[in-house]
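You will see chain A twice below: alongside chain B first, and alongside chain C after that.
Showing the complex of A and B:
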């Protein structure tokens, strides 16, 4: 179950590294501090790297959940 | 801040770069840079700025491509010999990144046209890629007058130097070099060899300064002269201070009178 309310959504299942993180970063850039971005991604490289890359830049990874279709959804809170 | 899917992919390595990001890329795409001289320095500068996605690139050069240029002027190819350099430059930039708006000026910079060239598209930053003192002093004086930032550079043999001028942020080129050396003290191009990669190193450093200025990141070479010596691979910086009696930047900008030191050294 997901009870997190996101402020924006981006699907990065249609692109490959490094455009995955780039597309997510552009979506994040449109948000304000403290807002939450919901990112749909594939397993493997995006799942391993995208949440971690946001964390390294100071954002907060709130939750990562597996979807029924095998993709994953991460909720990331924008840092100040 | 909107990027097309193609832009997202093309600029992904910038967009994911910490401290550059979507904001930095967005600024580059909306920036305008004027490159004076499409030769050894202007070639790598133009190519990297085009690849980086600087939205508008103006190129000033009067000359045609010669075979002896190709050893260092990497924007021009063997098939470009005899073409005007601005045309060859425009073609190369178009191949690297068709998104770039290229503005060409087939002119030699002089007292009459320098201010019009800089104000034509209200360029954000100017790159001095010329190879003669007359043009270098003219570019400095015009940029101070019009309150435009620019990066100076010069190369000879295995050596190069550069500095960046930003209005109100430090000295200008005239603060260090009051006036050009007498013409007979300056070796002509044919007398002065240059290792081709020297132009590549220094022109690429100029592009780095332009990108940092446009994106608003890092520390610029304001108040510092960087000296590169390729033979012993030495980079060093010399602190330079604003000369309070500088004949150019101590004046009220609008009252600066440009001087023509036209010598007959070749360009490029």
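Showing the complex of A and C:
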């Protein structure tokens, strides 16, 4: 069901809060306005906090998909 | 010299094991202190105590090893920075609060000014028992609402705005109680208000402004955390106006005056007369505009 094309991918399942957002933010910083970052994250705290933190920076969540291994993939569009 | 211990307690002086000394409790609202106040507390402890300061479990400050004869001088010094002794004994105690939505990203309600407002109205009021109030900015409940005679938690009632929704799926994924189901074929969000705990996460997370939230106050009554532990219970529906919370507190204190025996904690009163009695008592306030 996913037809979104991301411009970059980052996996933050290997880090813990507060590094989760920091790692994703670094990846987002390399993109230009309007480009899409694909982020793989764990359920719970990262899913609660990372998309919301991007929202606070003006980015928009385009799609969130639950993966078969219990992680989530979020597509987030950079502000602009 | 005859010393009235009850009067001292009311004035914030607590008897120590060392008979000649007292621990002076300060009245601090919502855990907020300024640079000047901290500096004065440090100075008083150095000049009149033993240089130590104790932080209490309810966000208070105590300066131990104070002599009774210095009390007036210390009171005047503290007054210069807007501090006063705290209350102990059977009365409304310091209102505790987290930093709320003005500082904490999870916060749903403002807590600093609100705790001041509650404190100004009720602090120190004499009762038949002690009465503790706490405010948490959201359902994360950092200030442990259920351990207080009256615990307040910020909450948020969500409303879905179809026109803005892009069906990204985030709200469904983060709702802690599965109150949101998205039907992608029909482009519909099915919201279950019975399941919803009003945590506000859908509202604060949606980056397309497709959830509108109404700030509310969830009240827990009759909690305590001592020799006997009782968890506060939700007795009335969520309240959406600050003013109404103030009148509910007012009437709850009246309820205690009417129904309580001397020294009987609010939790015991409720157990004896039943929560429904309090509900009846608060009905009029809750139904008023």
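Everything below uses one rule, namely that the second predicted complex is superposed on the first by the 80 of 80 C-alpha atoms of A that agree within 3 Å, B and C clash if a C-alpha of one lies under 4 Å from a C-alpha of the other, contacts with A are read in each partner's own complex, and residues count from 1 in each chain.
By our rule, contacts are C-beta pairs under 8 Å (C-beta built on N, C-alpha and C of every residue); 3 or more make two chains touch, one makes a residue touch a chain.
Since we're looking at a predicted model, the values are computed, not measured.
Superposition note: with chain A as the common reference, chain B and chain C can be accommodated side by side.
Touching more residues of chain A than its counterpart among chain B and chain C is C.
Put simply, the three-chain overlay gives an angle of 70° at chain A, taking C-alpha centres for chain B and chain C and rounding to the nearest 10. In the superposition on chain A, A:63 makes contact with chain C only, while chain B stays out of contact range. Residue contacts after overlaying the shared chain place A:26 against chain B, while chain C stays out of touching range.
Looking at the shared chain after the overlay, A:72 reaches chain C, while chain B stays out of its contact range. Within the superposed three-chain model, A:18 lies in touch with chain B and out of touch with chain C [touch as defined at top]. Once the two complexes are laid over each other on the shared chain, residue contacts for A:47 go to chain C alone; chain B is not touched.
Nowhere in the superposition do the C-alpha atoms of chain B and chain C come closer than 5 Å. Comparing which residues of chain A touch chain B with which touch chain C, the overlap comprises 53, 56.
Contact residues of chain B toward chain A in the complex are 1, 3, 5, 8-9, 11-13, 15-16, 18, 21-23. The touching residues of chain C, counted against chain A in their complex, run 105, 166, 168-170, 173-174, 184, 201, 204-208.
Here chain A touches chain B in the complex through residues 15, 18-19, 21-23, 25-26, 29-30, 53, 56-57, going by the rule given at the top. Of all the residues in chain A, the ones that touch chain C in their complex are 1, 43, 47-48, 51-56, 59-66, 72, 74.
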